[in-house]
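Heads up, the next two complexes both have chain A, just with different partners, chain B and then chain C.
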Partner chain A sequence: MHMHKFEKIWLIFGIGALVVFLSVVGVSAFYLGNKPPSCLTTIDPEKVDTQAPFNKPGLNKVEGKEWDYELVYVASAFFYNPAEVEVPLGAKVKVMATTKDVIHGFQVAGTNINMMLEPGYVNEIVTTFDKEGEYLVVCNEYCGTGHHLMSSKIKVVKK
Partner chain B sequence: MSSQTTKLKVDHRDGKLAMAHFYVAFIALTLGGLMGLLQTLVRSGKFELPWGIDYYQILTVHGVLMGLVLTTFFIMGFQYAAVSRTAGTHSPAARRIGWIGFWVMTVGTIMAATMVLLKEASVLYTFYAPLKAHWIFYLGMTFVVVGSWLDGAAQIMTYARWRRENPGKPSPLLSFMAVINTVLWIVATLGVAATVLFQLLPWSLGLVDTVDVLVSRTLFWYFGHPLVYFWLLPAYMCWYAIIPKIIGGKIFSDSLARLSFILFLLFSIPVGFHHQLTEPGIDPAWKFLQVILTFMVIIPSLMTAFSLFATFERFGRSKGATGLFGWFKVLPWNDARFTVPFIGMASFIPAGAGGIINASNQMNQVVHNTIWVTGHFHLTAATSVVLTFFGITFWLVPHLTGRVLTKAMNKLAIIQGWVWFVGMAFMSGAMHFQGLLGGPRRSAYSTYGESAQAMEWIPYQIAQAVGGSILFLGIILMIIIFVNLAFFAPKGEEEFPVGEAENLEEKAPMIFENWKLWLGITAALILFAYTIPFIDMIQNAPPGSPGFKTWGSW
Partner chain C sequence: MAKTELKTNKKTEIEDSSSLKGTMASVMFLGIFLVVTWVSVYFLFLDRF
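So, the complex of A and B:
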């Protein structure tokens, strides 16, 4: 099998670029900690309301952790609890969410907060809200007739 | 090469079966296209669906018809004809199996469609549990898959016969490629068959109460990514092995074409996690491993791009073109069989780049489940693949029906290609931009309580409706061309173009036909990528989910 010289150069360049690209993505994920949301905690989807921290949805101040607040959401067709929340500007927040029924999405538009909520699993992401304003939370996984009405609001305010 | 031993015309009995597939495919295109138009109109906010029809119902119809029915029927029809043309007429037994496959798929499609129309299955074409559709919907889907296996078996039988009759010779390129794609499809559909047969069917029948959602999704995406390569490889068959003949050039390298198809077989399956990057319950290390495997398909993609443009350049220079890009001008732009697939090819450059972004591990968070993704696969599947399928239709349908593509139809076909391009530039372009702003996919019109962010999305949704309307015009043109070629075009002989390699002395290495080896490596890669995370999922499984029907009835 013969390979043209130009094709060899093209492939060496292409594969080289691929190696560099994957290394950048890998270092960012595993050394700098930018892994995609992949929480391994499970929960009984029928007992969400009675289990911590989902028995207290909303913004909760915590002590002695890497983050200042836990922002807890419970999703179900077709709303999020809480429907609106205020977060102090610059706060480091762990967003934790789960669903009581079908699969939902959880995306804070205009940010990198974007994760799947699946029955039986908790999902979470740690983030810093460093820009003032009102952010729309939308469900971005089809969940039924009212899917496009399912939303919540995060107000990042100076305190 | 083997081209001397092949027949020039597809036997009319094989042609009949291929045409049966195309009738279903083009009916699916018409209805699915109408649904697509309605969706973009609804999302513009200027139009509401009449008679209590639900947005998500037509979205399900659009996805199932375009993503599963149009593609599977067209591909099986095309490959069946390509094998018949290059490896010889199918035996009566193979043809009978092909017909059974066709009818099983058709019955399955009707079963699933009926349940969707009855509002018993508004679950979209991905049918994620714990949304629970009627069991007839799942059974219909099973029939579509099983039917496609039978269709594929007919192709494999004829390929095997050719190999027996020509020991020690590499098989005809188009037959080899068709068999690679069939094998890819069979291995991939094992995943969706497993979740439907062992999880969703018993659960929807009430035999079991709950379903393991993550296992079901993982099995779905084990199938869902190779599904897109199953769509793409027939387009690559046309680009590699047919377009060179249409323009009057040669295949750059027969062996490298085969090698790239084998790489697609190996690396398009153990990669489903890149659709599940933002999901809980899967360890990030395993996600990243599958991201690396995903990116391996970039290598055969680069090889493909190189060989296509090498073919074009060499052809142009043989016509006396000079300068760096002089060859570009002498390509046969007045031939729809070339121009329309070329628009598809060119679209694959931005489409492929978008795909790299989507699969880039943490970068996926920026676009996951936004309408950017919809924009992405309307460039890959709905432009690159579909325009190539249209390009194939322009010669294959008249070849099979004993008619010709007239000058007038050729002209209309070129117009059709450009109409599609313009419509898609509006629609897919607007989808990409709206997605970057966070606009979700698969959602009806909503201002989310007059939210400032959501209001910014609306102009893009209007642009999508403009693009969607232009695309629907493109579909009407395509249907006119198809009906003409199938029933009304003048009788005559239309060529089934099959390219020849530039270097006829260079025989493809026989190792490419060693199926034990390639299937073995395919299985090893799948086991490597999936075994441990799958055991983790089952060992750490949460309580199962009961079913939900979160959509309205009639």
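So, the complex of A and C:
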């Protein structure tokens, strides 16, 4: 089959780009173990307040785990618990969040932490807070009349 | 008597449309745009915590 030289070039370019993009996603998922923040952990949404770790919202130090702290968030219409939290700079933190009522969003503006909180499911993300500053946590799933008032603050401070 | 057109020796001139330069340029323009935007978003992702 005769093929123009240019056609060969752009076919190689296109297929090459596809292979590179998919490999990056594949390595991230299967080698580095990245997964969606909501991954198979469930909870009874009516008993959130009585179940660990959600009976103690806020930043909790943990020992013997891959991360140093657990940052526990409970969302409900129309606020987050805790409303403000301080995280030491450079801390490896597992952020754990769930909702007691409807679907809420959990986005820490300016970072990669962005998840959808669904009633009955626990969302988790492990990250290292390596940049100082104040970060706004906002709800980015419309949850009702007070949706726009729903926010929290994470302060990353040197300690 | 009318002549049939079939036996004329005249050759129809075909315009040469085999040049793919313009196509190549537009394909590469789009391709480079896609790569640049993908890579910049990927590095933005890596840079944030």
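FYI, the second predicted complex is superposed on the first by the 142 of 159 C-alpha atoms of A that agree within 3 Å, B and C clash if a C-alpha of one lies under 4 Å from a C-alpha of the other, contacts with A are read in each partner's own complex, and residues count from 1 in each chain.
Basically, a contact is a pair of C-beta atoms (placed from the backbone, for glycine too) under 8 Å apart; a residue touches a chain by one contact, two chains touch by 3 or more.
None of these values were measured; they are calculated from a predicted model.
*Asks:* Give one of first, second, both or neither to describe whether A:W10 is in contact with chain B, with chain C, with both, or with none.
*Replies:* After superposition on chain A, A:W10 lies in contact with both partners, chain B and chain C.
*Asks:* Thinking of the overlay built on chain A, is A:K131 touched by chain B (first), by chain C (second), by both, or by neither?
*Replies:* second
*Asks:* Touch check for A:G110: first (chain B), second (chain C), both, or neither?
*Replies:* Both: A:G110 reaches chain B and chain C.
*Asks:* Per the contact definition in the header, classify A:N34: touching chain B only (first), chain C only (second), both, or neither.
*Replies:* Once the two structures are laid over each other on A, A:N34 reaches chain B alone.
*Asks:* State whether A:N140 touches chain B only (first), chain C only (second), both chains, or neither.
*Replies:* first
*Asks:* Looking at the overlay, what does A:H2 touch: chain B (first), chain C (second), both, or neither?
*Replies:* A:H2 contacts chain B only, not chain C.
*Asks:* Across the two complexes, find the residues of chain A that touch chain B and also touch chain C.
*Replies:* 4, 6-7, 10, 14, 21, 110, 112-113.
*Asks:* Can you check the complex and tell me which residues of chain C touch chain A?
*Replies:* 18, 20-21, 23-24, 27-28, 31, 34-35, 38, 42, 45, 48-49
*Asks:* Name, in rising order, each residue of chain A that touches chain C in their complex.
*Replies:* Contact set of chain A toward chain C: 4, 6-7, 9-10, 13-14, 17, 21, 24, 110-113, 127-131.
*Asks:* In the complex formed with chain B, which residues of chain A make contact?
*Replies:* Contacts found on chain A: 1-4, 6-7, 10-11, 14-15, 18, 21-22, 25-26, 28-30, 34-46, 77-78, 101-103, 105, 107-110, 112-123, 134-136, 138-149, 151, 153.
*Asks:* Along chain B, where are the residues that touch chain A in the complex?
*Replies:* 54-56, 59, 122, 124, 128, 130-131, 213-214, 217, 252-253, 255-256, 259, 276-285, 287-288, 291-292, 295, 298-299, 302-303, 306-307, 310, 356, 360-366, 368-370, 437-446, 448-449, 451-454, 503, 506, 508-509, 540-545, 548, 550-552
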